[in-house]
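The following blocks contain the structures, represented as structure tokens.
Next come two complexes built around subunit A: one with subunit B, the other with subunit C.
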Partner chain A sequence: MKNGLLFTIILVVATLTISLVAGAEKVTLNVWLMKQADVNLLKAQDEALAKFKELYPDIDVKFTVFPYSEYRDKLLIAAAAGAPPDISVVDQIWNPEFSAAGFVIPLDDYVAQSKSVKKENYFSGAWDSALYQGKLYGVPFDVGVWALNYYNKAFFKDAGLDPEKPPVTWDEFYEVGKKMTGPEKWGTALWVGKGDAVQCITDALTFSNGGSVLNQDFTKCLLDQPAAIDSMKFFKKLQEINPAGEVSRTEEDSFQLFTAGKLGMFWYGEWGQDTVTARAPQMEWAIGNFPKPANGKSVGTFGGWNMVIYKNAPHKDAAWKFIEYWTSKEINEKVSSLTPANVEAAKSFLNNKRKFPDVVFQQLTQALYRPIFPRYPDLAEIQRNATTAILTGEKDIEAALKDATAEINTLLNDYYSSNK
Partner chain B sequence: MMRGKRRGMVVLHAVFAFLLATFVLFPFAVMLSMSLKAPDEQFTSPPYLIPHRPTMENYIEVFGQGSMFARYFLNSILVAFGTTVVVLGVSIFSSYGYARLAFPGKSVLFTLLLLSQLFPLAAIIVPLYRIMSQAGLIDSFFSLIVGYLAFSVPVGVWLLRSFFLGIPRDLEEAAVIDGCTRMQAFWKIVIPLARPGIGATAAYILFITWQEFMFALTFITTQNKRTLPVGIFDFVGQYETNWGNLMAASILICIPVFILFLFVQKQLVGGLTEGAVKG
Partner chain C sequence: MTKEREWIAGYLFILPSIVLLAILVFYPLIITFLYSLSDMSLTSTRYLGWMAYQRLFQNKMLSLIFKNSVIWTVFVALFQLLLGLGSALVLNKAFIGRSLLRGIVILPWVMPGVVTAMVWRLIYDPQLGLLNHYLKALGIIDHYLTWLSTPSTALYAVIFSAIWKGFPFSTLMYLAGLQGVPPELYEASEIDGAGDWNRFLHVTLPSMRPIITTTLLFTFIWTFNYFELIYVMTGGGPSEKTHIFPTYIYDLAFKRFRFGNASGFAVVDFLFLLIFSLIYVRLSTKRGGLE
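Right after this comes the complex of A and B.
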């Protein structure tokens, strides 16, 4: 009897201890994401998260979302203060900065053992954007491509052109635009804006022309080479078929001109489709590939977001499980507002949610990422200033690109010599 | 002849006042107009001010599912009023001290108080973040209220001191002779007379805390603790902005300020200038 009591007590204590320990093992992952306004998307996120918690009852996940304009500052302050989340998405162009600063960890070991996260499952340009000095610091979550050629079919008809045959080459684009340009209407609208978006357009022109912004190991600027010079010559020529004021316009201002029916064609990413439909429900529009030089290839520039794990995260294995889950085909397709970075998910997403899915998909598979450099925002600013100088005529094209190349080389040298 | 000239002046004044009002109110009119338009009316060419098919859709969406706007609104009210109450409590006594009492180091301390206003916010935000973080206040309303005190108490003290200086000392002395204690004289004579000044100061503090962005952005992380100036960016996406919702939210944010201004307008305008010449 006494023994029985003792045994019962031991049993109870043991059970309690085990359950306490098991309870303590439940980990919480803090995940920072971008704010999404779409109610359906929020619902899909909740459902996907509930399923994850079913699969991994020991892992709790807490989402905190931020609007784009505040997101980078919040991440940098938190990371610098040593209190970052466990996981977050980062813009492709911030990834090198976070990698170089040691805020986030390389994921190669996890990838090597993973069944689902493999390079071939994602758009290669997006995957490569997460590489830094040979290591992979992020898994692509979603992507977008600058740019596709949106066009207003009415402009083609008015100019006596076939609206089913959008221009393919640079020369055709210019000629078609010229025919469309008249009083209060234009072939297209350029813009410079304030952020790092205009580089996506000028880089895409350079990529299409076989050029590049930096050399392969990102140590030397190539903007003074003929490929970049010729692409900027074409860009400047488009001023003739564009309403004045491009230097002070943003991409959004120019996009508004398109939806207001003032432009025949406009270069913008696939995510703009819903906006065109909402703002111009009457307009008959379509999408063509980004124009290419006569003997070049239509190459766009990638934008998008990668998922990273922070160095301070206490439960990195759990964090990896979440990333594997969130970027898997089935989930990636549902929880992404931009095109999913998982190729299979992207196909199905584009078929369900976008018009002209084949054109978009093709453009995505041919897109390149922007230069991988921890101080990319500074580099982008030098490029943007050169673009401004070229468009205003303050400098001629060769001189502007030569100066920009010199400035960028100084920036690269400064960085690499002080961060060896 | 003289009368005609005067009438001419009146007309001229009216014209200028009208032009000024148009200039000042035009952005607000655009805001209102956009908030009542569906997306296909927002960016037409040429633009027009009066919506052809006015809609309340944007206002409904601002409070709709997935939107935290109502929460942000409540948080802002809480933080702005909380800060104002504390600032008034501290600065009424402090400024009276600076106005009336003699104590060693008075002018040095007062100068120091003003000096604290000279630091740009950007320069003190990181140290403040660390302090708040070590005090365990990060991501709480306290961090905001305490942070706001740092720059609004000096303003409050400085404004109120001028009002107290404007009240004749004789009145208090008379009250003391009639049997009041110093404290009673303060409560019964000085405070009622300084009421316009206190109202103006309160309104001023409310205005600056209602629209404060940088501290609110830095100290608060959790979504349901964010205030309006930060929260309104929910409507601004990476590539695209939901202009209709954004403008509807902006109109809603302005309303409390307008109401407050209607109530305190007289005191604010009179009060601030009254203080100015005595400073």
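Right after this comes the complex of A and C.
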């Protein structure tokens, strides 16, 4: 009996010691991602993760997921409280804020030594979105482009137009839309919504017209220049072919009008394809490029997510290994719900999972990123208010953009003067 | 018990309340005031001192929010008073189905605010909404109006919904008040030859003065601080035309994490409400309470 007790104690102590030693060697990475609903995608993520653990038996990875609506709040609060994950994805437009606050670390040294993470392997617009003051603070994970021109072929036939020839220029878009507009149906539907998505549309119009939101070093606003003014004139003109109420509509409300068969054309990203198929299985639809001014170029606005490593992460090298793996061509293609940021992975993804892959790919390669500025959400809000004022007719276009430019310049000066 | 011990015992008895008040009321107040002197956000903090207030008063949002809040509060409180008083007078008369109607009339008030807001959003919807449908059917409008996305109509549209939502509280209060008017006063006035109007003006109203003052004050304070109806119906838009203090402070603090700036607005909001609270305290202590 006594011996039995002694034996048990020895056994327990030995087990504890072994597990402690083993535990000390095993590294755990906390990774925060966006919540995904697609079962196949979750399965692919699990498989990819299992393979990673085979490759690196000493690294354990723990995923925590959040829905988009909560994601930014959770990340910012955790980072500000000094308890962030080791790795997370961040929206491109949050990356500068996280970089400037020192929440995440520059990755240039890792990239310099990496075989797979190289600038040329990713869409340049996505890569550049992770740059802040000359350093790279994130590796692009997935991308999207606002916007493509979704169109309902039935509207073209009803208007006596060729459904294989979607409008290319702004003028054509307006004229076609006008022919489609009638009782209870419209050429397109605009929206302003509450978030920072509508800026992607207005920015894309300005980009296509050769303009920009800020100058090259992001210190001065250019929205009062002719390129932006003309693009907003076109945008406002589209009110004539659009159901009233766009200011309080969200992108989702307008998207529903399209899938309900009320709109001839609708601007949305390539990720909307599955939704159209699911909601309107009978609809004959196609995708064309985002319309451009007569002598301009069809340029969309980049969106997407970058992977970052937090300053507080105790095992940065292990974290880098995971990022290298997760953004590699082979894995990126499988675990991404949006188009992968890795160009080769994107080609294969678009060919397998999207219709009109060539149009989407072309639009992605020509897309530009939004201004890189740590207080981007404030900047976007000023832009959205200007768009609202223009659409409601509260201010004329020049005045609204002049006011917005002055406000944005104040914001820029205020930020740069206190964060040198 | 000596005087001194009595004194100590007294303070011991109120100590729990004081501690609770200190934690739940005074601490947040002081902290908010301190935050308001900085430009605190989640990523950085800079102490600005009084400069923060100088900036706040130069901020054109402050005057806009203030204007919106005053229009919103005055219209909502005033019309709740008129509608409440009117409906109370009707419901005070004897007629068949009065009990049923008294029950039905409080429905808007017992409905959750968020539900009310969603319902009214649908009513105002330009394409699907009942309002446009009926106005068009009656020939009053020839095209659909966008009530909640037109800057000139949005605030009044939410005001209308808020009046509808809140007036039953006033009805209940005034109905109770009406029942408390001594019948002999009416009898006396009748003998003196007063008509309906004179009776209302010289008997009903003066007897109900205390209850009207209290109810009006309450609806003022509640309306000034009312959040969910506006937030769900318009989110403060279009062009911030429907933002009032609570919705704007919420946006600043919890959407944009600009705690410093949000605290500044909260301090102004607090001072404004303090005035109403002082009026209330004064009324309730004068002449032995609110009668």
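Here is the rule we use: the second predicted complex is superposed on the first by the 397 of 420 C-alpha atoms of A that agree within 3 Å, B and C clash if a C-alpha of one lies under 4 Å from a C-alpha of the other, contacts with A are read in each partner's own complex, and residues count from 1 in each chain.
Criterion: contacts are C-beta pairs under 8 Å (C-beta built on N, C-alpha and C of every residue); 3 or more make two chains touch, one makes a residue touch a chain.
Because the structure is a prediction, the values reported are computed rather than measured.
Superposition of the two structures on subunit A shows subunit C clashing with subunit B.
Judged by the touch definition given at the top, the superposed model places A:269 against subunit B, while subunit C stays out of reach.
With both structures placed on the common chain, the touch criterion links A:55 to neither subunit B nor subunit C.
Contacts of A:112 after superposition: neither subunit B nor subunit C is touched.
Once the two complexes are laid over each other on the shared chain, residue contacts for A:394 go to subunit C alone; subunit B is not touched. Of the two partner chains placed by the overlay, only subunit C lies in contact with A:245; subunit B stays clear of it.
Once chain A of one complex is fitted onto chain A of the other, the partner contacts of A:77 extend to both subunit B and subunit C.
Subunit A residues 73, 77 lie at the interface with subunit B in one structure and with subunit C in the other.
Residues of subunit A that touch subunit C in their complex: 73, 76-77, 79-80, 97, 100-101, 103, 192, 194, 243-249, 374, 377-378, 381, 385, 388-389, 392, 394, 418-419. Every residue of subunit A that touches subunit B in the complex is listed here, in rising order: 34-35, 37-39, 42, 64-65, 67-70, 73-74, 77-78, 81, 83, 144, 251-252, 256-257, 259-262, 269, 271-272, 275, 278-281. Residues 39, 42-44, 46, 125-127, 143-146, 148-151, 234-235, 237-240, 254, 256-257 of subunit C touch subunit A in their complex.
Put simply, subunit B touches subunit A in their complex at residues 39-40, 42-45, 64-66, 126, 129-130, 133, 138, 217-218, 221-223, 230, 233-242, 245.
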